[in-house]
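These notes concern the structure reproduced below.
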Amino acid sequence: MNTIKRIEIVVPAIELKPVLKRLENNGVKKYSIIRHVVGRGEFGESTDDLDDQLSGVYILMTCAIGEEESLYLDLKPILEKFGGMFLVSDAVGYRY
Amino acid sequence: MNTIKRIEIVVPAIELKPVLKRLENNGVKKYSIIRHVVGRGEFGESTDDLDDQLSGVYILMTCAIGEEESLYLDLKPILEKFGGMFLVSDAVGYRY
Amino acid sequence: MNTIKRIEIVVPAIELKPVLKRLENNGVKKYSIIRHVVGRGEFGESTDDLDDQLSGVYILMTCAIGEEESLYLDLKPILEKFGGMFLVSDAVGYRY
Amino acid sequence: MEFSLILSNILNPPVLFFFVGMAAIWLKSDLEIPQPLPKMFSLYLLFAIGFKGGHEIIKSGLSWDIGITLLAAIAMACLVPIYSFFILRLKLDIYNAAAIAATYGSISAVTFITASALLTKLELGFGGHMVAALALMESPAIVVGIFLVRLSVDAGEQKPDAVEAVPWTEILREACLNGSVFLLVSSLIIGLLTGENGWGKIKPFSDDLFYGILCFFLLDMGLIAARRINDLKQAGPFVIGFSLLMPVLNAVIGIGLAKLLGMSVGNALLFTVLCASASYIAVPAAMRMSVPEANPSLYISMALALTFPFNIIVGIPIYLQVIQRLWT
Amino acid sequence: MEFSLILSNILNPPVLFFFVGMAAIWLKSDLEIPQPLPKMFSLYLLFAIGFKGGHEIIKSGLSWDIGITLLAAIAMACLVPIYSFFILRLKLDIYNAAAIAATYGSISAVTFITASALLTKLELGFGGHMVAALALMESPAIVVGIFLVRLSVDAGEQKPDAVEAVPWTEILREACLNGSVFLLVSSLIIGLLTGENGWGKIKPFSDDLFYGILCFFLLDMGLIAARRINDLKQAGPFVIGFSLLMPVLNAVIGIGLAKLLGMSVGNALLFTVLCASASYIAVPAAMRMSVPEANPSLYISMALALTFPFNIIVGIPIYLQVIQRLWT
Amino acid sequence: MEFSLILSNILNPPVLFFFVGMAAIWLKSDLEIPQPLPKMFSLYLLFAIGFKGGHEIIKSGLSWDIGITLLAAIAMACLVPIYSFFILRLKLDIYNAAAIAATYGSISAVTFITASALLTKLELGFGGHMVAALALMESPAIVVGIFLVRLSVDAGEQKPDAVEAVPWTEILREACLNGSVFLLVSSLIIGLLTGENGWGKIKPFSDDLFYGILCFFLLDMGLIAARRINDLKQAGPFVIGFSLLMPVLNAVIGIGLAKLLGMSVGNALLFTVLCASASYIAVPAAMRMSVPEANPSLYISMALALTFPFNIIVGIPIYLQVIQRLWT
């Protein structure tokens, strides 16, 4: 039971692989992914009506307090180029 | 990087359109939607075994601190009539 | 509108039924479930490529402050034996 | 004799797969047909039966008889929910009574399809216009159900409603344009418009695969029905009795009307089955929106876990037996 | 006379189901075909058309004519985006112009399939190698589009890009190995390799169901196209004009080339349709990754909500009419 | 001569599509068949092969030979995991050894189906009861695997387990009622019960589409197998050797038993393939639950990424070759 940071990301489905790669390079070893996320953002609507390549994916993970900044900086170029959301909140991790 | 409110909603799938309309009327321009949410609440079980019209949808969005109240008030009639969840938590938005 | 605990769990799909049973025994009457969650953890990768029996499920629920501990203790054996995530965060519940 | 027809009905692969589904749940097998596959099967069946209906109408032509059958269908779709409502009010509140009444006024396409499969097996013909009757009977009960609620709920006792009530025109539109009816009617019209040429191209898909896909769909219905039976545990004898006796009452009235109007044996069975069956998708979805005060797990489970298996397993062969006796 | 062909095209079940889809949205029906069913239909159609193409090539053999047709196909796939780009630059920025140009340089497999269904209906033959042309025309426009951006964007004005630019080899690989092209080409090769024996086993799946599944796929395309039309509301007359006139211009060039190369009527129609159609899946996905500055809802909606219906409904029969006149 | 049979096996569309799937991953194509489509294909194949098996049993009748074959099948399903376990214990811990042993004691329905497709192509018959053998061999290894763990793990060294150990009856029930076995056996029984009449209605679905859907399923298996090969990189030569040699050992024993029992060539091949194949769905799911200490990516990848392709590509034709030589 630790106080940790809970990070949630939404990126375009086509960017899932590069994002995971960067996360893994940053030492993230545990994460959960929910696919087929639709929504709306700065880059317009993302849907899966035609093909799920144009939908989004949601990634949930945790990190120690203070590590969220560097994770964000590493993903920033992808998020800014292709769109995406990056939120951090506080959580207590019982098992994570 | 801002301290913001993170709002998560679950409503019956058939109410997604009216809920999005009200959110957009309230100036919400960015959100993520996860469909095919099942679960249990005051209105009984929601499943997608027969048809996904009877399942739920999860909506995630952010707002500035203080705006959550009016968003809730606007959705309240729908949530009370058709069921639904409305939670608010604190988050730090790096990109949102 | 109450300050509450927001609990999110990820467990292997095959453990959904026993987990829900324990939750219900603990008085949890409302929850939302997102299926087909993939990811990575201590127990390796969970995917749904072959069959969704090997994927994970995400469960979201709320409880009164202080109740999270006993919920965790009750699920702990399952989480430790079969894998899973258990996070708790603070939230304000408007309708839940 | 009745028993042999029941057996002949049961020994159809689709009906047997319904039992397999139920058995899977009772034996706690993990057999599952995940969404959206059941949705696809149901779209397919609507497409197939609509297209075939259109093609049959070309072959048979239109006639006065058809018009009268369609009128009778609409009449039954409006009447059944009205008398059901008053029966249900004996024990239930306005909202649940209206929602259940609407459920029983409408129809179950799969029950119709299963009956048509039995007719095909027994080489008893039926008219393509019966598909039109199916389409016409899906929606009126929704409107009647909402009407019954609004009429019954006194302005005074109605709780102030922050969500504006859906206007009538909207209700009518939604009732008539729900996806199932829309696909069914469109397919029927396209079957009509494209004639033999269209049929020749589509038949290997819509006709040859029909039985196999019906098996899968009924397998899934068996899974769902068995899961829902638990929901009825606290429902009490009134509700359970209604679920099993109402189809019989509606069937009796249906058979009488069919006899009166001089329908053929095949058409009479289908008409009877439309009257006797209840909706578990379209109407529940509409009621969930327009009468949210009612309890969906109640009206869905009644239609799905009791009335549907009852009709599929014993109803259809018995109705046919009675019709065959009365008609000869 | 032209009108009768348009009518004959429209009275095809697949085209009529496209209208049903559009009508469902306009009438606000809740008809829906959820993912991944449309994805499955699209994989099926690629498999079926690829396999059949391979089988046809065995029957017809290879020839110089085929080689020349394939070269012409690649040439058009490279040229169309180039001249489109300069037309689009009159009103649009580099990114959007390049992305739209790429979209129109590539092809729509379903438009091709609908045209081939009309040919089959009219008993006009076509060569299996046209499927190879389809495959060859899918990807070059992606490369040309990216090339146009990189050439146009001056190093100075380019914003410093923290994400390393994708190298050319990678772009080429991705363009040639996108899932659709890969499945199409693989199926064609397997159809070639396994000959009559393979065809005999696969035909009941790939050929007999073809029309039915095409109906479902076009039903879904109708739903999506109608939903996307709204996206074009703020697009302005230039963009709308481009979406409707560009296919005609490309068709005219295509017909001219086909005449010049002495293609048969069937091959000429398919070649024309490849030139006239625009991509709404493969290219948009590639552009979303490689030209993220462009607006996807613009180029997808143009290709899907205007050009696609235009070709399906009036384009195909008119192109065929013109070809039949010129060829006789 | 052996080579020509391998070639003939490889030039089957389904096997070629398996290669397409593997190639797609190696070439980094984005080709994908999203869930629940693979699940549907697998349900379809179980349904089709079960129904056909039931129909064949009607035609051939029951006999002592059949009973003996089924007993041999169960015996192999119990023996294979036992000797596998002791081989595996040379290098692996109890948990992984037991889980892998269970995997190899059970069977792969798709390997069986691919072998049966080769037999059909070569016009070599086989009995419907082989499908019953398939069903009977799916589950015993699960029970044996759990038994081996419980026997090997000394009460002392066992870590205190807060989750109550699943009782034996529960394990047996789950092993016998997993969805695949349940659907297969149900379909077989329904095929038996509904006879020629049922078969006539279902055949266009279950038989005519079989090859096409098998292609799609093997395409997906190719995608998954190629993705999983990476998981074996750190596995070491022992594990890799086991994955490739164990099927051969089991096949040899299977062929010997088949000869001893006087099976026909077709039945012998199917029996051999059942012995030689390993489970990558049912058993892993059961082991994940009952032996969570073992590493699923190890046993799934062995069965799926090595043993499965080995059997599909070279195993089946070689086993057949050997059987044909020994039988004549």
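A, B, C, D, E and F label the chains in the order they appear, each numbered from 1.
Keep in mind that, in the parts below, contacts are C-beta pairs under 8 Å (C-beta built on N, C-alpha and C of every residue); 3 or more make two chains touch, one makes a residue touch a chain.
Computed from a predicted structure; not experimentally measured.
J.: Going only through chains that touch each other, what is the minimum step count from chain E to chain F?
T.: 1
J.: Regarding the chain D and chain E pair, does the interface count as same (over half of residue numbers shared) or different (under half shared)?
T.: Answer different: the two copies use largely distinct residue numbers here.
J.: Please report how far chain D has to rotate so that its Cα atoms sit on those of chain F, a copy of the same sequence, as a value between 0 and 180° in steps of 5.
T.: That pair's rotation angle lands at 120 degrees.
J.: I'd like the Å distance between the centres of chain B and chain D, where a centre is the mean of that chain's Cα atoms.
T.: Using C-alpha averages as centres, the distance is 34 Å.
J.: Just curious, how far off is chain E from chain B if you go by their C-alpha centres, in Å?
T.: Measuring from centre to centre gives 38 Å for this pair.
J.: Using CA atom averages as chain centres, what separation in Å is found between chain B and chain F?
T.: Computed value for the inter-centroid distance: 45 Å.
J.: Going by the contact rule already set, what residues in chain F reach two or more other chains?
T.: Residue numbers touching two or more other chains: 30, 34-36, 39, 204, 208-209.
J.: Scan chain B for residues touching two or more other chains and write them down.
T.: 34, 36, 52-53, 76, 80, 89-90
J.: For chain D, which residues count as touching chain E in their complex?
T.: 35-36, 39-40, 43-44, 47, 51, 173-174, 177-179, 182-183, 186, 190, 193-194, 197-198, 201-202, 204-206, 208-209
J.: Please output the residues of chain C touching chain B within their complex, sorted ascending.
T.: So the residues of chain C in touch with chain B come to 6, 29-35, 60, 62, 89-96.
J.: Which residues of chain E touch chain A once you look at their complex with the stated criterion?
T.: Going by the criterion above, the answer is residues 35-36, 38-39, 42, 161-163, 223-224, 227, 280-281, 284-285, 288-289, 292, 295-297, 300, 304.
J.: Along chain E, where are the residues that touch chain D in the complex?
T.: My answer: residues 11-13, 16-17, 20, 23-24, 27-37, 121, 204, 208-209, 211-213, 215-216, 219.
J.: Could you please specify the touching residues of chain C with respect to chain F in the complex?
T.: 12, 14-15, 36, 43-45, 48-54, 76-78, 80-83
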